[in-house]
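Labels A, B and C are assigned to the chains in the order they are written; within every chain, residues are numbered from 1.
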């Protein structure tokens, strides 16, 4: 397979993992997070440090990376979730900026130069590169999808959905809003941490600017475009947002404008996303199905 | 001591600019509960329009007037065609739309005017002042005076006129304001007009003060303004002004006087998190 | 004399200067159907919110089975067996009617960090939910999205949810509002059946006929304080109650 396509596909797969995590927080639990890139970054930096400074292999470090990212997610989640919806948006933006500033300004994280020389992932003696690494990412993506699927069928997921719909009514049936918001945060940030580890070993060089606020916006766009709260939405969104810049590449100079205008039109006229309940895509699909039947 | 006073006065100037930027955001949030990040887009356009009209006419007054009109129009268009139809959706929907607008405007500015930093060599017809042995240049004096003028006008409108009363009623409870015969949609649009016009003034002032006009000049103000309205109390215009002043002074004194090695822009967010810990409604918010 | 199920003593809730509930006391014995009456603004829903933990009292105590509950969170109080409906209905709009009820049935699991990982799409849950839906007459609408239901059905859904949770006490806030006559009689019959099953019911109701006919005792509030309590016949004839509802002149028009 063409090396260029493999790279794009790998980035899309990693983004899909991170976006799935955001989908748990925003789509399942109804909490807005505009700082998800920060946790992607925390996962990446943790993986990078464990690999370069502690010499741990990807596999040994991975549980630690996910645990540390989720723990920080829990820590930052506690004060964030005491505040109302609108405050939460701003607080998460703030988290993004502060985390980025920390990575940029402290020598431990390599400062403005970031961390380089991150080794490839090794499966036994084989160093994974190109297509093989893509398969690794797809494997983890499948894992994440299964976890999400299980979550929708578990009481934990049902509690999150109920809380998302009507917090007061959820409390009246025994669902503790704080507990389940934090649970969603922990799961979502943990997934972001996983994506971060994969990213670090893929790019082999990371710096703070890779994880800034625009990426948080991108991630939110992915789940919005794909369909918030749906199972496949994050993947569809990651694919679309990942492919768009390539599709519009010919219009080099106008690429970003097309991208942002498309986003604006999308959110203005189809906020439910492509896989959303009442979307044009679904209705069109249903119509063609009906036409096919008669 | 001299340095302290200089930095203090600088800080007040910075705080004044922050309040002009943040006022519009606070007013819009107060009346629509939407985080109007696109406000920074209007601020940027205000700067560019001001520069354009100034270069065309040579008159600063014409530039300010023209820019205010363009921005007011833009604000209303955004409100009517983007925000209002999206009100029935969860709050992150208009938020994403707002961010998309800001990013699109940045790109348009880059494509139309170019990515380079343009200069705004206008002379603000204000005198330099000598206070307590320190000289403040005419630009800073201009900032003080213009900000004071805007604040006084806004205060007069909101407290002394019927329009102001309607605005305050609609921001407390729109359904009841509607029931009492107040055309709340009209009030919302007027709020956008006022907020956007103030943003235009802020854009021009910032352009002249720093002598820089460039496509992404709205980005940092956008996020800082968010932190400021949290600190000041969401939707409280007086709170926004107080918080802006405090932040302006804190930033300048901490960095310029006490030389604390913090990235300047992080101060706003750290302050925000601190305030949220202490009192989640902010300095002047209501429970 | 058995200890009452619910004891409310000197309960007060002030919002700044506004005395929403002022020094209210009454008890509910197990198996009773008590009506909480009063004109609009009397503080009835505030009382419900205090009992169910949405508000914390400014002063006073609430005890369930001799155990104080006034400082507990809503979800803890739900776990103690108090189920409630809301005056402004709060369905889980994007879930189906059945999912709404199953969500309520999950109350036994939400507190455990282990049980929340087991599945809810099981035949047991489905039949349990259908059971409850049949009681309130919503079984045919089980697969309908809750957000699409008309008000009357939403009120019944609220009751189904409350039934799943309320093993000891049911708080029904204006559950008869907006119902058609046949729905009302169906609901009255349901509440009597509930009482036979051993539950206790406290209801807020504006429909006088329903309140008088259904309740064993009535507690009347006005402007936050308790006016009187007693048997329906006593309360109906009480001068100050009539005055509270109809105004001073209105007592001349009362039957």
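Note that in this section contacts are C-beta pairs under 8 Å (C-beta built on N, C-alpha and C of every residue); 3 or more make two chains touch, one makes a residue touch a chain.
Everything numeric here is computed off the predicted structure, so don't read it as measured data.
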Task: Closest chain to global C-alpha mean, per-chain Cα centroids - done: A
TODO: Select the chain at the greatest separation from chain B, using centres from the mean of Cα atoms.
DONE: C
Open item on the list: Using Cα averages as centroids, what's the distance between chain A and chain C in whole Å?
Closed with: 42
- [ ] Take the average of all CA coordinates in chain B, do the same for chain C, and state the distance between these two points in whole angstrom.
- [x] 48
Open item on the list: Based only on mean CA positions, could you tell me how far chain A sits from chain B in angstrom?
Closed with: 32
- [ ] Using the touch definition up top, name the residues of chain C that touch chain A in the complex.
- [x] 52-54, 73-75, 78-79, 83-84, 86, 90-95, 99, 102-104, 106-107, 109-111, 115-121, 161-162, 164-165
Task: Contacting residues of chain A [partner chain B, same complex] - done: 26, 30, 32, 34, 79, 82-87, 89-91, 93-94, 97-98, 101, 104-105, 213-214, 217, 220-221, 224, 253-254, 256-257, 260-261, 263-264, 267-268, 271
Task: Residues of chain B defined as touching chain A within the complex - done: 29, 33, 35, 82, 85-86, 89-93, 95-97, 99-101, 103-104, 107-108, 111, 223, 226-227, 230, 234, 261, 263, 265-266, 269-270, 272-273, 276-277, 280
Task: Footprint of chain C on chain A - complex, ascending - done: 150, 153-156, 158-159, 161-162, 165-166, 168-176, 179, 277
